[in-house]
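See the structures that follow.
In what follows, subunit A forms one complex with subunit B and a second complex with subunit C.
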Partner chain A sequence: MPQRRHLVASAIVVLLLALLALLPLAGSRYAVDLATEVLIYALFALSLNVIIGFTGNISFGHAAYFAIGGYACAILLTTYNWPLLFALPAAVVLAGLVAAVVGYFCVRLTQIYFAMLTLAFAMLVWGVAFKWKAVTGGDDGFTGIKLPAMLAHYIGFFYFTLAVVSVGTAALWVICHSAFGLTLVAVRENAVRAGFIGVDTRRMRWAAFTVAGTFGGLAGALFGMYHRGMYIENAFWTESANVLIMVLLGGIYSFVGPIFGAAALHLLQTFTNQYTPYWPTVLGLILLVIVMVLPEGLIGLAARLKARRGKP
Partner chain B sequence: MSVTEWRVPSHEIASMTLTMFTLNAFYGLALAMNMFIIASGLNLIFGVLRVINFAHGMFYMFGAYITFTVAKSWGAPFFVGVLAAAAALGLIAFAIERLLLRHLYDKEHLMQLLFTFALVLLMSDAAKMIWGTDQYSVGYPPGMGGAIDLGFVVLPQYQLFLCAIGPLIAVAMWLLVDRTRWGRVVRAATQDREMLAALGVNVPMVYAAVFTIGSALAGVGGALAAPRIALVPGMDATIINECFIIVIIGGLGNMWGSFLGALAFGFVVQFGTVLAPNWQDVLPYLLMLVVLLIRPWGLLGRPEAGH
Partner chain C sequence: MKYSVMLAAVGVFAAGAAVAQQPIRIGVLYPLTGGGAVYGVPAMAGHQLAVEELNAKGGILGRKIESIERDDKLNPASASSTMKELITKDKVDIVLGGLASSVGLAMSEVSKQEKVVYISTIPKSIQITTDKLHKYVFRTSANTDQEGDTMAMLAGKNKLSKICHLELDYAYGNDLEVGILKALPKYAPDAKIVLTLKPKLGATDFNPFIPQVMAAGCDGVLSGLWGPHFVSWVKQAAPLGFFNKIKWISGGEIGSHEIAGELKGEYPDNVISNAYELWYHGNDPSHAAFQARLAKKLNTQETPQWAALGYIGVMYAAAAMEKAKSTDPDKVAEALEGLSIGTPVGKLTIDAKTHQANIGQFWGPMVKKPDRAYRIMEPAEYIQPK
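Our next item is the complex of A and B:
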């Protein structure tokens, strides 16, 4: 009964949003900050999954667009004193434009070659952030971002993030479930056949790359404002690897998977770091378990449990 | 600017540039050969197993640290340290392949990638537990700390040794893979594993051997790099990216391609450091970018089936 499923899904989304909106009432700044971070990473991971889950290519350089969005928004707000209403969209558009240019070259290749080319372009972005000290602050980072008074308080910023991430997620949902998104899945599953029925596969992958970069830039802009600074580490390949793990942890074949992956990874890392400096070991063991036992990620595990419960 | 600075005789400038050029070309070559030893292992493993081993950089780092422990802490000769590194990494790799990796060949590439990334995380913490986070150095082996004077340029001996050992390993690998029966089996394994198994070849052991040899090369590469560099946590991360660049530039799975890729890498990094200081971190990526845009499958690579 697809209609009933639809209803249940909508109810869960509304409930989740309501719970999040009520979170500041709990009075814990720590919880609100943590939720803000998770929301930002969730959007970042969702954007990457447009490339991975919907075209089947792995990008090793998604941090580039995160960094471009973050730096551009920070610089427009602070150096040029633009109002947020213009700075944020401009930063997002810039990230999307760069993704369009880079994507144009990357989608000519597939598999590991595609991944390495995205990495190469991302390292160029990192190089520019590192060397263009006058504008980006170089390896000192770009700090002291000016925020509108409304967002200066952590609760205000949390609601702002919640609103932006919700709108961004909704937009991505619509894009991924449109005819375009379904065509992407067809390209992923069988590019040759998709080509036979008249799909311009390269162009589809290019569009997906641009969409991913645009929303990655949005996440980056939020990240920079939240931390009041952007640092070159945010453009480094380790950041790309981090978000890649979030996506893979959550599961690539479902739209919401990356959200859970981002939440699980970020919360786990935060809690683990309170008790032990050996977070890499914990993450390494988690990855081993995923690879050896549950290759479909957390969402796959949930689906499997549900299927088992369904049987008498 | 004073007048005298303008009056440097032109032949002196020429000889200066020749000296500088030769020295930089030589250092670039030594770097290239050291990188080739490491990258060729990564390339061999990819060529046969189709596994992209992110832990290769970690194997390299362990090779360097083990050499430090054996040659510095225990006081054994340097080359005993190199052999110990090769043996230790071979053993570790063999155990990993037999216990875990062999279950993953039939799964998606993504899973293999995540698996090797998990190895990176686990081994990085293991290295911190064993060796701590201090910086170490391994001196040049005795008799190799000096330099040879060619008249117009003075070449350090250890780098000369690297320039000799790189081609030696390349030729040895070529003979092993292209000229022996075992090499034929390995090449057949890249083509059709089921057919090979049907012919009575123990394919799983071929895979284990290839993973062991490839990883031991990372260990040797790390051991040989140890006298040249500072041993610090995180040295694995740069190397793995650089190895990927070399292997991709040359063409995945092609040994001579990796040799060529290593040469391009070595010269670009060495001359880049001199001509465009502070950009050396980005230059290798720029090199890969240019190569991939002109030749999408690398210098000596061929398009994969289905493209």
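Our next item is the complex of A and C:
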């Protein structure tokens, strides 16, 4: 039985990738751009879920690593003229390093104190991006990011994003389903018990924090390159809240949940904006529904529907 | 009789054929929600007024205009996504708008990548028409160098010798400061800046700053505190007698009726400031008619100045397409270079090199009038950059 499930899952993944790869053939530039945006947010949400879903702590400051990755990649590419081959990995490593330092302090706390500390560090990053005008452009933003000619075309960039996000997602899947990932779940479920078994819970959570920051940085780097600009708003707490809602909407107890959450929220936001400027109202309603009716997100809903159908 | 009916029918058909032509699509972004809506909503009203008027006259190049309006959310990344969507999905021929400097720069970046003309109608960031200038971006609002230049000139004219300088600590404030410092030696070579303070954007408590300015012994303040910042400063400083001796020369359009109408009797003495447009005072014969139409649309006699900026943006887009006889972005961009048009604030010309329109502003002291509950700018001098 589990083997059959794996087979079905692999088939779905392959089918989805094939569909995405064929998307540019449909000829709609808009659809390709939208898919690129969704892919980037999906990776961002997946990275955050390593902290939320697997260690059970809420981070209110995940935009910090997104911004560090984005700004670092933008600055290395544009100000220092680094080739993408070095700029992108360097930006990701930098985001990971900062996450490691911040995480070192944050994992000493749990629950609300943890969340507050992540928020505090994120506002610190925002402050640096705002004040360090000579390097980051301050609140004018950092625009005019240079890209290799191959990625300057939207289809080239789409395939690049698809490849990077696929590799990133695969890497996160392996990490989350390794012994390390399972240990994290154990820590989430009962930290005291996990500690008694001999798990260094703090170190586990620290590692998870670093992994999340690293992949968040990767998403940020893609985001900056896609928009050809990074802005201090990307480091602000509202961006952290946005990705948090994506994760909650998708479902925190499932690996793929955040992907669906990111797609649903971003597409909904984009389409709503075409009809009314009152997106915040819609967002409020979505949040309400998640908290009151769908605590386990879209994935939880799907599972519930399936279970109901399964009954005689 | 029969013939006339048939003729009329033919006429209707011919008109129908002309209407069936693809409309010209103008994309526009202003902040319509949140903190920027106070400015974005009136600007959008001016934009709509221009589109309605043009459509009543048959549109552009005989084609109807379709205006596709979006909220920029005062967020550059969001504006960038939305502008891309307007270009790739809605196939707009030109994009107008923006308010914040960062949003203007983000939109300019999309315009450069997508090779679609963008006319920046409110953002003042000097970078748009200097470091980040490219073929497809134009500006019909003032910039911080022009505003700083006029403020320095007024400092010289009012014989300020010891100046306190107040700017908000963000892009606009920092750029305006540069503009003022550049021009000050030219107009007021003997003036000295004795104190520079930079409150935060969005600050509401100015109590830490007010005593410092009062103790610095300056005879004048050069200020970039706009809108709510100025209102808060007045409410906190006026009771201390702050405005009794100090001349307050300010950019940021606090001479506009929006601020005068909000502060009413609390509006202090000794303020010299600017406004893009004043509903009660025109410098061009066409202003009165424009203001009357706007008043009818907004259902108030006291119309906001931002509408004129939205209006002028559309006028420029239309004039450029008519001149180019095309909506092709390359041709429209070429047509915009050096283009002069008549607007409610007089004749404007876009410089062919810098892509900056020589739009001026009304500058003058805000004075009390016995028959009015609010102050008005009098005499209001229209100062246009050379």
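Assume the second predicted complex is superposed on the first by the 312 of 312 C-alpha atoms of A that agree within 3 Å, B and C clash if a C-alpha of one lies under 4 Å from a C-alpha of the other, contacts with A are read in each partner's own complex, and residues count from 1 in each chain.
The rule we apply is simple: a residue touches a chain if its C-beta (ideal position, glycine included) is under 8 Å from a C-beta of that chain, and two chains touch if they have at least 3 such contacts.
This one's a predicted model, so the numbers in the text were calculated from it and none came from an experiment.
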First, second, both or neither for A:His6, with subunit B first and subunit C second: neither
First (subunit B), second (subunit C), both or neither touched by A:Arg228: second
Partner chain in contact with A:Thr270 - subunit B first, subunit C second, else both or neither: second
First, second, both or neither for A:Arg193, with subunit B first and subunit C second: neither
Residue contacts on subunit A - larger count, subunit B or subunit C: B
Touching partner for A:His153 - first (subunit B), second (subunit C), both, neither: neither
Partner chain(s) touched by A:Tyr278 [first = subunit B, second = subunit C, both, neither]: both
Partner chain in contact with A:Asp33 - subunit B first, subunit C second, else both or neither: second
On subunit A, the residue positions that both subunit B and subunit C contact, one per complex: 278, 280
Of all residues in subunit A, those that touch subunit C in their complex: 29-30, 33-34, 37, 133, 138-141, 143-144, 223, 227-229, 231-234, 270, 273-274, 277-280
In the complex with subunit B, residue positions of subunit A that touch it: 58, 105, 108-113, 116-117, 119-121, 123-124, 126-127, 130-131, 192, 237-238, 241, 245, 248, 252, 278, 280-281, 283-285, 287-288, 290-292, 295
Interface residues, subunit B side, partner subunit A - complex: 52, 100, 103-104, 107-111, 113-115, 117-122, 124-125, 237, 241, 244-245, 248, 252, 278-279, 281-282, 285-286, 288-289, 292-293, 296-297, 304, 306-307
Subunit A-touching residues of subunit C, taken from the complex the two chains share: 32-33, 70-71, 73, 75-77, 80-82, 84-85, 88-89, 101-102, 105-106, 108-110, 112-113, 125, 127, 132, 170-171, 174, 201
